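Okay, got some structures for you below.
Consider the two complexes below, in which chain A is the common component and chain B and chain C are the respective partners.
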Partner chain A sequence: MENVASGNAPIVTLTDAEKHFGPVRALDGVSLSISPGECLGLVGHNGAGKSTLVNLINGGLAPSAGQITYTDALGKDTLNPMSAGVRSVFQELSLCPNLTVAENLRISHSDLKGSGWRRRAREEISAALDQVFPGHGIDAGIEVDQLSIAQRQMVEIAIGFSPRGSTARLVILDEPTSSLDAGIAEQLLDHIRTFCAAGGAVIFITHMMGEIFATASRIVVMSDGKVVADRPTTDFTRQGLVDAMGHVAANSDPETQSEKRVLTEEILRTPQGLSAHRGEIVGLSGLAGHGQAEALARLYFESTSSWRSLGSKSQMVFVAGDRGRDGVLPLWSILRNASITVLGQGKWLLDHKAEVEFGKTWKERVGIRTENIDNPILSLSGGNQQKVLFARALASDAPVVIMDDPMRGVDVGTKRDVYRMIREEAARGRTFLWYSTETAEVCECDRVFVYRNHEISAELTGDDITEDQILAASFEMQEA
Partner chain B sequence: MQTKYRILLPVISLAVLLAATFWMQPRTMSYFGVNLLFNLAVPIALATIAQMMIIMVNDIDLGMGAFVSLVACVVATFLHDTPVLGTFMLIGLILSYAAMGALIHRLELPAIVVTLGMSFVWGGLALFILPSPGGASPGWLRALMTSKPPLMPMAVVAAILISIVTHLLIMRSGIGTVLRGVGGNTRAVQRAGWSVIWLKALAYGLAGLFAVLAGMALVGLTTSADANIALRYTLLSIAGVILGGGEFIGGKVSPTGAVIGALTLTLASSFLNFMRLNPDWQIGAQGAILILVLTARLLFAKREVRT
Partner chain C sequence: MKRSMQIFTRPWIWSWLAAAVVFAMTLALTGADGATGLAYAALSFGSFAAIVGLGQMLVMTLGPGNVDLSIPATMTLAATLGLKVMNSEPGNAMLGLGVALLAGLLTGGMNVLLIFLLRLPPIIATLAASLVYQSVAIWSNRGLRIKPPEALADFATGRLIGVPNVAWVALVLSIIIWIVLERSLWGRWLLASGQNMRAARLAGVPVQAVRAVTYIAVALLASVAGYLLASFSGGAALNMGSEYLLMSIAVVVIGGTSVAGGFSNVPGIWGASLFMFLVVSMLNSYGAGAGLRMVLTGTIIIFIVIAASSRRGRL
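Moving on to the complex of A and B:
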C-alpha cells in the first residue's frame, strides 16, 4: 500500500452530527474524528446508530444537524468523502452479479476508460486481491454469480482497498468477516494492521470480540444514537466492553413483570432446538439478520403452506413486522384487512353482517383509532396499522402466534397496548413466538433463544433473561 | 451459465434450423437464396437489439412494434419528401424514448404499463401521418438495403455488422458495462456515484436509436409503409432476446445472441413454409420451436447447477 502522507490531520471529523428519521433520532449528537493510522472498532447493539453513522461518514446520508468535514490526501479541507479517499464495504453484498470481477471494479472506478481498460481493470483487481488475500484463487475474468458468498465478500473487500485512481485512505468495513472462514478472516485482519501501519485508517464493525481486540487501536461504543465510550483498546476488557454496550435503560414498569408460570405441555419443538410450551411467550433475540426471521418463516411455512400439511385449518398465524411487504393489503379497508383470516371458514359466501359485527368488536378490543372502519388501511398511522395486523392474527383460533419484529416503527403508547394484549392472550393459553430487535422487549418473555450466525447460541429462562446475558450470547466471546 | 457458454445454444439452434432448411430446399443454399431467407431478419434484428437495451436494465418494452411502425411511416413520408425535417423528427423520437426511460425511473412506474400506454400514442401518430398504406422509400435507403456486396449477401453482412457494433458497445465498452451493472444491481451502481436516471435514459435512448434503424431498414426493404407494418415486432423482439440467451432480469444479455435469435425466428417461418404446413398452424409451430429451445436451455442450466 502506498504511504499516505498528509501529516496527522484527521481524515474525517464529525461535530455534533445528528440524523433524524421523522421523530426517531437515529444519531443524537455524535462528535468523532478519525486520523491516519487509526483502526477504529465500532460496536453497539441493534439500532444503536452504527449504520447511520457509517452512512453519514461515507456521504450516503446528509446529517440533519451538525457538521462533517474531511481532509484530503494533500491536507486540504473538503466536503466530498470520495475525494478524501473514504471507501465503504457494505454488509449486504453490493456487487453486480452479472458482471465479471474486473467489470465490477469499473463500476466504482470511472477513470478506467479508453482502449485496454479491461486489461488494466483485471490487473488492478488481481493486485488488490493478491495484496489482501494471498493465494485467493479468484480469476478476475469470472462472473460474480459464479463465485461463492465468501469469494464475493473477498472481491468486495479488495475493491474497497484497491487504488481506483486515487488512494484509499479510510476504509469502512461493516461486518466484513461474517461470511469468511477463520483463515481468510485472519488474512484480512493482517491486511488491516499493515494498512493502518502504512498510514491508512479503518472503521471496523463486527460482532466478533476477538477480532476487535486483535485489530482495533481504539474502540467506540454506541448506544441509542450516542457514543457512550471512546477509548483506546487497551483500556477495555471483554467484559467491560459488553457492559459498556448494555446501557439501554431498564425501565420496565412493575405491572409488566410477568409472574412465573407453571410450565405446561410442550407444543412445539424444531430440529434446530427452538421449543415452546402452551401459554408461553418465547423471545428470539440476537443481532439483526442472524437467522431469527428465517427460523420463524420456516416454521410458519412448514405448518401452513406445505401441500402435505394436514387439513386447511392453520395451527399458526403470523404477525408481520415489515408491514408493507408481509402484512398490509394496501388497497383494502381497515375492516377487510382485519377480517381476512376468519373469512371463508366453511362457508361459500361472505357473511357481511357478521363481518361488520367482527369489526366493531375488534376495533374496541385493540383500540384502533379511526372514525370509520371502512376507511382505507393506509389512512392509519403505522402503529394503528400494526394493531389491525394483531387483530387479524388474534381473531383466528390458532394456538400459536408468530411475530416477526412487529414493533418496528411503533410508538410507545401502542406498544404498551399490545404488550397488554399479548399477556392476556398468553394467560388464556396461546403461545407466542416473538422475534424482536429490541432487547427490552425480549426481556419480557418467558424464555429467550439467542441467535448467532443462524444458530441458537443460548437458551435463557426466568431470571437468566437479562440484557447482559443476551448481549454476551449475541457476540462471539472466543478468539476469532 | 457463463457468458462464454451462453452463446452456444443460440448458435446451435440456428445451425440446426439452417441445416434442416438446406436439406429440405437445397436451392436456398446460394447467394440469392440466403439473401431471400434472411432479408427480413435485418429490421427484426435491429428491433431485437433495441428491446435488449431495455431488458438489460430490467424493464420490458411492449410498444416496440408500434414505435417501429411509426418510424417506418415517418421514413416513408417525411424523410422521403423533406429529408431535413424527417431527420429532426427521427432524432426527436429517439429523445422521446430517452425521456420515457427517465420518467419511468423518476416516478418509479412499471415499464410494462408505460410502454404499453405509449404504444397507443405511437400507433395514433403513425395513423395520423399515414392513414392508408403508402409512401416511398428514400432512394439511398432502398439502394443500401438491396445492394449486393461480394461474397456474402447483404442480410448476412448487416447481421454481422450489427452484432459486432453492439457487442463492442455493450460488452466491451466501459459505459456498456455500467449499463449492464444497472440491470445486475442498481443500488451498487448508485452507491458508486452514478446517476441512475441518466443511465436509464441512455439505455432507452439507445433502444430508440436501434428502433429507428429498424424502421429505416424495414422501409428500405418494403419501399412503402403502413401504420401497422411492424406490430408483431414487439413479441418477436422479446422472443429474439430470450432465444439469444438473454434473461428477463439481472442484466444478463448478449447482443450477438440477440441477433442470432432474430435470425432464428425469421428462419423458423421460412422453414415452416418449406414444410408446406398449413399457414393456420404456423404461428403455433413457431411457438413450439421457441418452447423447444427454451426447454433445452433450462435443461442445460439445471445440469450446471447439479455439477
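Moving on to the complex of A and C:
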C-alpha cells in the first residue's frame, strides 16, 4: 500500500453538490471532503440521499450543480473517480452468478488479459480474500451461484479492496454486513481499521450503530438531501446520533390526526408475528430492503391461490408500489387495468355497460386525470397510474388491503386524496397493511411493525409510534 | 380520411393485405377464371391452419416461452384414434369426434402435468411429449389406412352456400374464441397473465389455472383439426400434422398477435392462414421449384412480420 498516503490532500471533495430528479431534490447542496486515513460513517433515514451521494462520488451519476474533484495517488487533481482509486461495494449483489469468483474480478479489472489471465485473477482474488477474511474457505475457481449469500458478499467486498492494477484508496461500503454473521463482520471491521490506518479511506453505510461507533472516525448524518451533522465520532452518543437523524423537516399532513379507536377483533396473524385487527391501519417500517415488501408479498401469496379464484370470497387485495413489476398491465386501457380484480368477483360473461359505469364512478372517486378511460394506462403519469391501482384494490370487497410502499413517486395532492380514502375505508371496517418508506406516513398508523434484517424488531402502538422510536428500532443499538 | 387511415393501425390488416396481394398476383398469371377455384381451395386448406393457429395463438398470448410444439402429434393421434373407432362404419361420426376430443384432452392434460408438476419449460415438455403421442399413434395404427365413414368424408369435402364446410367449422370456432377473449372473464385473465404474470397474480388472477386451461384448449383445437383433416383427405397418415408445426406459429405471428404476450388477434389468424396457402400456390403457378419456394416463403414471412410490427411500433 505504498503511495497511498501521498500527503493529506482529500481523495474526493464535493462542493455544493446537488442532484435533481425532475422536481425532486435528492441531494440539495452537499459539501464534503474525505481524506486518506478517514473512515466515514454515513447514516440517515430512507430517502435521505445516501445512495445519491454515493453514486455521485463513484461517478455513477453526474451532479446537477456543484463540483466534485478527486486527487489521485500521486497528488494530482483529476475528474475521474477510477484513477483516484474510488471503489464501491453495493448492497444489492452485483456479481455474475454464472461466472467464477476469479472471472468476476476480471469484469472490473480490464488489465487481466492474455494467456493465463484466469490464474492471475485467481491469485489476486485469493490474496484479497485472505487479507480481508482470513480463513474464508472460498475457492476462487468456483462459480458464484454455488456460494451462499454471505460468501457472495465477501467476494464482492474482496473485489472492492483488491488492487485491480492500481490501488484502492477510497472504498464505499453500502450495508456490507447485512448478510454477514457477527464473526465475519468483525473481520471486515478489523480490515477497515487496518486499511484506514495504512492511509486508505472508507465510506461506511450501515444500520448497525455498534459498527459505526467501532470503526468510523467521523460520522456524517444526512436528512432530506442535506448533511445535517458532520463531526468526529467521539462527539456523538448513540442517542444523539438517532436524534440527529430524526430531525426530518416534518412534512406530515397537519389534518391527519386519527382518533385512536378501540380494536378488538384480530383478523390476521402470521407466524412471523405480523398481526392486524378489523378496521386497523397497520404500518410496516424500517430501513428499505429489510424484508417488509417480501413479508407482504408472502402474506398475499399464501392467502390466495394461483389455481383458484375465490371470487367474492377473496380476503385480500394488493396495491403494488413497484408498478412496472407488480401492478400495471401495460397493454391495456385505464378501464381494463382498474376493473380486472373486481371482474374476478363477478360473472363469467362480462357486462360491458356495467364495466363502463364502474370506470366512470372510480375515475371520479379517485380523481384520475384523463379525458377518456379507454386511453392506454401508460399514457398516465406515475401518480395517476397509482390511483388506478388503488381503484383496482378498493373497488373489491376484500376486507384486507395490502399496500407495498404505494406512494413512491406520487405527488402531494394524490397522497392527500389517498390518505383520506384509506381513513374512510378503515372507518368502515377495512384493514390496511401498509409498508411505507416515509416515516411520516407510518406515524399515522394505528400500529407499526418495524423490520430489521427480515425480522420484526419492534411492535409499536398508540403514543409509542414516533419517528424516534421507529428509527431506534430500525438500527441495531447493541455492539456489533 | 382519418377513419380510412385508422384501419392501417389494426394489426390484422397486414395479413389480409398480404393475402389479397398474393391472390391478385396469382390471378395475374392464371387469368381471372381461376378466381373462385383458388378462393375455394384457400378457404378449405386455410381452415386447418386457422384452427391450429387459434390454439397456438391462445398459448402464445400467455407470454414468452409459451408455445405448444405437440400440435402435429396431437393431430395425428386424435385422427388415428378417431378413425380407428369409427372403423369406416356409417353413423359413427360423433363417436369418432368424441374419441378425437378425448385424445386431445389427454395430450393437453399430459402437457399440463409435464409443465407444472415437473416444471419443464413448455418448449421442451411439449416437444418431448409429442414423441410419445406420435409413438402411440404409430402403435395403434400399425400402418393401416382406415377410410373415414362416407358421410363424414362427404361432409368434410362438401360445401354450404359455396363455402367449404370445414371453413364453416373453423369460422364457428373462431367466433367462439373471439367471444371468450373479448367478452369473458377467462379471456381477460388470459390477456392479463400474458402481459405480466406477477402483476396478474397480485391482481387476483388465478394465473396457473389460466395456463393449464390454455394448454388443454390448444390440444382440443388440434384434435378437431386432425379429425377434420383426416376426414377431408380420406384417412389419417402419420406425417399428416408435420407441416402444421411451423404453420401454427407462422399464422400467429403474421396475424399480428404479440409474441411478447398479452395480445391476441382472431381476424389476423384468418388472413395469415389464407396467405400461407396462397403464397405457396402463387409460387407454384410461377413455376418455382421446391427449394426456391421455401426460400421465398420464408423471406416473405419475415417481411410481413417486419411490416406489421413496425406499424405497431409507431402507434
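One rule holds for everything that comes next: the second predicted complex is superposed on the first by the 462 of 480 C-alpha atoms of A that agree within 3 Å, B and C clash if a C-alpha of one lies under 4 Å from a C-alpha of the other, contacts with A are read in each partner's own complex, and residues count from 1 in each chain.
Operating definition for what follows: contacts are C-beta pairs under 8 Å (C-beta built on N, C-alpha and C of every residue); 3 or more make two chains touch, one makes a residue touch a chain.
Worth saying up front: this structure is predicted, and the values here are computed from it rather than measured.
Touched residues of chain A, counted separately for chain B and chain C, are more numerous for C.
In the superposition on chain A, A:9 makes contact with neither chain B nor chain C. In the superposition on chain A, A:61 makes contact with neither chain B nor chain C. Looking at the shared chain after the overlay, A:300 reaches chain C, while chain B stays out of its contact range.
By the document's definition of touching, neither partner reaches A:267: not chain B, not chain C. Once the two complexes are laid over each other on the shared chain, residue contacts for A:328 go to chain C alone; chain B is not touched. Of the two partner chains placed around the shared chain by superposition, neither chain B nor chain C is touched by A:127. In the superposition on chain A, the residues of chain A contacted by chain B and by chain C do not overlap at all.
Listed in rising order, the residues of chain C touching chain A in the complex are 183-186, 188-189, 191-192, 195-196, 198-209, 258, 262-263. Within the complex formed with chain A, the chain B residues making contact are 2-3, 172, 174, 177-178, 180-181, 183-185, 187-189, 191-194, 250-252. Of all residues in chain A, those touching chain C in their complex are 297, 300-301, 304-309, 314, 317-318, 320, 325-332, 336, 340-341, 343-344, 346-350, 352, 392, 396. Interface residues of chain A, counted against chain B in their complex, comprise 60, 82, 88, 90, 94-99, 103-104, 106-108, 110, 112-113, 117-118, 142-143, 146.
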